[in-house]
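For reference, chains read A, B, C, D and E in written order, and residue numbers begin at 1 within each chain.
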Amino acid sequence: MGAGREFAKGLWSENPIFRVVLGLCPTLAVTTSAQNGVGMGIAATFVLLCSNVIISVLRSFIPRKIRIPAYIVIIATFVTVVDLVMNAYFNPLHKALGIFIPLIVVNCIIMGRAEAFASKNGVLYSLLDGLGMGIGFTISLVAIASIRELLGNGTIFGAAVMGSSYVPFMLLILPPGAFILLGTMLGAMNRVEIALARRAGRAPSIRKEHDCASCAIFAGWSNAADKIKALEEAGR
Amino acid sequence: MKTLVLIIVSAVFVNNFVLNRFLGICPFLGVSKRVSTALGMSAAVVFVMTMASAATWLVYEYLLVPFDLVYLQTVTFILVIASLVQLVETALLKMSPALYKALGIYLPLITTNCAVLGVAVLNVQKQYDLVETTVFGFGAAVGFGLAMLIFSGIRERIELCDTPVPFRGTAIGLVTAGLLSLAFWGFTGLVKM
Amino acid sequence: MKSGTFFGGVHPRYEKDLAGGRPIETMPLPARLVVPFAQNLGAAPKPVVKKGDEVKRGQLIAEPQGFVSVPLHAPTSGVVQAIDVFPHPVGADLPAVVIVPDGKDEWAPGLNVERDAGDLGADALRGVIRDAGLVGMGGAAFPTHVKLSPPKDKPIDVLVLNGAECEPYLTADHRLMAERPAEIVEGASWFAKALGVENVIVAVEKNKPDAIAAMRPAAEARGYAVRALDVVYPQGAERQLIFALTGRRVPAGGLPMDVGVLVQNVGTCYAAFEAVRRNRPLTERVVCVTGRGVANPKNVLARIGTTFGDAIAFCGGLREDAGKIIGGGPMMGVAQYSLDAPVTKGTSGIVVLTRREAVQYAGDPCIRCGRCLRACPMLLNPSVLSVYAERLRFDETAAHHVLDCIECGCCAYVCPSRRPMVHHFRRAKAEIRKKQARAV
Amino acid sequence: MEERLPDAGPKAPGTKEKTEEPIARFLVSSSPHVHEGIRIRSVMGLVIVALLPASVFSIYLFGLPALFTILVSVASAAGFEWLWQKVVRRPGTAGDLSAVLTGLLLALNLPAGSPWWLILVGNLFAIVVAKQLYGGIGYNIFNPALVGRVVLLVAFPVHMTSRWISPSAWGMDAVTTATPLGRAREALLATGSVDAALTRNEAIDLLIGNRAGSLGEVSVILLLIGGIFLLAKRVITWHAPVAFIGSVWAMAGIFHLANPARFADPSFHVLTGGLFLGAFFMATDYVTTPLAPAGKIVFGIGCGVVTVVIRLFGSYPEGVSFGILLMNAFTPLIDRAFKPAVFGARRAKTA
Amino acid sequence: MVAAIIALSALALVASFGLAMVARAFAVPVDPKVEEIEGALPGANCGGCGLPGCSELARRIAEGRADVDACPVGGESVARSISRIMGVAFAGGGARKTALVFCAGDDETARRRFYYNGVKDCASAALLFGGDKLCGYGCLGLGTCAGVCPFGAIEMSALGLPVIDPSKCTACNKCVLACPKKIIKLVPVSRRVHILCSSHDKGAKVRKACSVGCIACTKCVKEAPEGAIAMQDNLAVASGVPEIPDSVAAVCPMNTIRVVDLGISAPADAAGAAAEGAAS
């Protein structure tokens, strides 16, 4: 795989939100305005980039058994850095993003890349991977946030663009609207993927189920995933 | 007492962790395929979140604040939670294998559940005392469990639906969560907190 | 719960007027008779004749295989033309023997003689009934002698004569009760004797007043009760009938004998009379040929093996718009694709529906209206069952008791989505049984 | 949906070969072979008929704007259904009248004179999001009309809660006013108490519909007539409506007894708002409510409790829609809890 | 600063000690091979191997309780990489296979004996007289096989016959088991000539029921090399060895024997058309 491919996969084929469907908590929570989306995206990208690089560097030193706690500590450190920097220089944004800044620690995207990529690949590729994923995440966030802000509030990046006669569709700013919009967009993206796959003559890759069992974190953490699967089989 | 009741009502219905605060979406979508698993997961979450709330509060009040280390909050909390979950798992296994069988397998899933870290951070933000913290953690977890239980029931039915192909799975799950959130929206203003 | 009815059920258009007033006519011998071997539940009897053999009426042509099996007899005298696969009214193509009648209709030696059966004991009666090839003639075709041999720990204290005939259109039992009440009651008395039962109830739906009137003196002469039942389908289904008459509930997965009851169709009683008193094996039965697709609906006494085509021709033939041929009643009978299907021991009627009358299943999604829940006499949840079956989730159908379904068809009858419910359930049952068989 | 008679088809299967007599002649299906004759369309039609008195009365009360709302709503509901099915290439089901019913129900849940775009947005959510994304009729989890209404309520609170017009014959001299529930709320906020006593005249006004409110909710009498019609036709059962209305009355009564100044008369709560519309026409929706009678009762009680809690303590004056919507979400769990028993199973257990 | 370092170190010490204890207490002996094998498996969890999922198969392979080529879907390449992980020599399994429908009786060529009205599912249809085809062996055309295919490789043609896309088919055997008429079989993709009929009826009966059924005229037996085709109970059956040459297709008077290109280099438009159907 070329370096370009490692970077580009985050944009579509392995886009964290629309293809791999991870990191939904911040995606839903902070996308009330495009500005928040950008802020969250950059913060997450920074953490993703740094943690990927550090974990890639340290990958042969970290004992396999405690790698997950080790990753968590590394990630938490960078999150704290972001937290402090944001608080100091972008205070309103920091306020708007609220607890979702510290919660970047448990964002599955970052953990997932650490486990699935950085722990197995060299520094350069890990950096590109982190950057690509981060930008893919940011673009998706901004896209969702723009729609929500534009329709739900009549503005974009704070500027009123819909004209005075526009009655804002407030639902989109509120939690129910966030869920419904993301669900609809995900469905639409799946439709696009199906169309693309058809053109390319391959089978479409759609994550039918969002299940923790396949989440990379748990593969390393314990065999809980298997147990849950077994339980679900038994429950049938 | 009244405050505590209000905290619970608020956490369960008005500001439901999943449906209103977007915390714990991953397990909400991931462990809700069957009602039975959702039930087990909910119970485990209630257990852990209540304990984690108290534990992180203690660490914050008696370790971070006195030593002026508040900026280490995130790192500390996640470590405390991770260790706590592991300890609970070990203790459960030793003390009550039956309970472990019922809840144990869900415990690892909780460690990186942002609802748990979220409740810890919120407790600090809201400046609750120890009792309020514990009650809030409990209430938030019950709200999470309730949402998940309802959702798992619905999902068992969606499984039998003729959903258009692109919407199968997570997409229709999110739309459903949105409609559920809409139904819970009626409780807005029930408690002003 | 007031006596005389049960839970659920539906009120279909009965259409009993079509043939109800027509006395039983004896049908002349057709040009050929197609006699399938499988005419009883359980193992099919094994053929003992071959192509070219000459047979007499009542001669054994297939011998039983095991206890749950009955012998098969030639319906008339003639020549065995072939043994081949033919459409069978149960819904499959099965082997049958084709007999070309010689027109003499000679009985095999020793048969068709009056006998004084008064000194026959219970075992002897069971033997006579078995040798005559008797099966339940209401449709299920369960060997009668097996029913008459309950295990020691399940004594029978009530014998029910099932004259409910709740299936729409059909009037064969109705006519038989109206015309041959004494014979039916005598046949029942042999059953009662074989079982040692005193309490005998004749159950007839209220929409057959002439049958009730005819049966009453005959039954009362022997101390049997006649009960007029509410008109609701499926009143004649064993479990529902037993509950309506006695208030006893047959346990799920159990049999009527679990609650000490035995149910016999009135047609079977008549056949028992013929077997015991006249020494005639079962070679003919009353068949109701009816429906708006038939020119002249009639009740005919037809030989076993008479093809539907011949029977319908005797009734004036098919009308132009005939669209569906049903072996049995329209609620539980089996649609036939061919007029070559023959009358068997279990064929109580041939109903010909016009295309317009026949239901067109669409299989739209279930809208959960709950009508099927209210209609189901077994108190199942057909709605949920059919959804699971549709998605091929057969384990769930088992968990929701699909095996207790009696396939009465009430759910599909009332379904606004026109879902082929019974078809779903039959598939689910087949899959579950397959799985159980594998597990064993 | 129409009778698909085999001889009416373009070609009978397998009979293409020229001159030979067709081999396929008869229909074969599993039993039963006859049908009561009812269709989805006839069921939906009966519900629509039951809603007609209230609909016509709303036009009498609020005039042309009411007619406009109903027409736009019904047309857009049917239109969205048709459009979606065209887009995803599924067989059209607009003929089963379920979309028409959804459109009508949504219209009856809107204030007279709602702007056209509002009605369109409501129906878009009702038909596409709440119904078609789940696979169409029979599969939706939430009542489509209610989803439409609640979406509008949350998204456009001003349009949905404060632009009521007072009723007058054919809407001749309508003025803006507040709904009874809204007035009670305002009084509570202003003075700290509601005017608890419900005079006879006021009660009669509420009963016959001489009050502000959304189109279909105003005339309790006509809704009751519609409901009884459906009960008589056995389209719905009594369980959910009775449990719903009963629990609203009981719960409001308990609060009223505890604090008459703060909480209004239970009869006031029963007669106001969309309770009758909700209880008879939406808490009885087949697809989104429990199947078993016991489940329906639990469902109704749940609706009632949530309704009263929201009315008395929440920030929305009316809680019927939220109550039903929330209980829709509980329906699968209720269905799980109340499975019908098998005939004879009880006996088997004791034996 | 110093306090921070000390505090965090202490915390880390405590936490890591605790975790180390826990890790020891919970040491689940996970064979690293299991993970590796699971990585090599297709991950479709199709159940084609007869086990609940890929991870279960991986475990069994690692424990030696299943063969390295136990995954029918992965084929040779997967078997090869698993054998590398397991450190065993891979002999090279059979040729790649695909499912093929052994019936050519579609709506135009095969006649029906009644109008079927019921559940749109072959197994359900078969409950009523075995199905509505006049030929008792023929495809019922209701698409049960297409429904069970986990890979979207089966499409129903406009004339009501399943069309299997060999490039998507993984020979998982699901359709073979699902078909109530048992007319789907797995064949090596290398084989080109196939006898597309399963009817054991006599020629006259076949002619009446279907215009493309095998009437057991034995022309193909004579044309084909010795042993390639045998008549079994009124049906020509290919033995597999030797291969049937393309020329045999030409002699079949019923057009039952056909040249079917199952090569993966299937024409692009065919694959595209199949994919299109799968997506919509």
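Following the convention adopted for this analysis, a residue touches a chain if its C-beta (ideal position, glycine included) is under 8 Å from a C-beta of that chain, and two chains touch if they have at least 3 such contacts.
The model shown is predicted, which means the values in this text are computed figures rather than measured ones.
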item: Winner on C-beta contact pairs when D-E is weighed against B-D; value: B-D
item: Chain whose Cα centroid lies at the greatest distance from that of subunit B; value: C
item: Centre-to-centre distance between subunit D and subunit A (centres being mean Cα positions), rounded to whole Å; value: 39
item: Computed distance of Cα centres, subunit B from subunit A, in Å; value: 20
item: Length of the line joining the C-alpha centres of subunit C and subunit D, rounded to whole Å; value: 46
item: Euclidean distance of C-alpha centroids - subunit A vs subunit C, Å; value: 67
item: Residues of subunit E whose C-beta touches two or more other chains; value: 12, 15, 19, 26, 113-114, 117-119, 127-129, 132, 279
item: Per-residue overlap in subunit B, given as positions that touch at least 2 other chains; value: 72, 75, 79, 82, 160, 162, 164-165, 167, 172, 175-176, 179, 182, 185
item: Touching two or more other chains - residue numbers and ranges from subunit D; value: 6, 24-30, 129, 133, 135-136, 139, 151, 154
item: Subunit A partner contacts - residues on subunit B that touch it in the complex; value: 19-27, 29-31, 33-34, 36-37, 40, 71-75, 77-79, 82, 105-109, 111-114, 117-118, 121-122, 125, 164-179, 181-182, 185
item: Residue ranges of subunit E touching subunit C (in the complex, touch as defined); value: 113-114, 117-121, 123-124, 127-130, 132, 136
item: Partner subunit B, residues of subunit C touching it in the complex; value: 365, 387-388, 391, 393
item: Contact set on subunit E toward subunit D in their complex; value: 107-108, 110-119, 127-129, 132-134, 211, 280
item: Footprint of subunit E on subunit C - complex, ascending; value: 87, 91-93, 335, 337-338, 360-361, 363, 390, 392, 420, 423-424, 426-427, 430-431
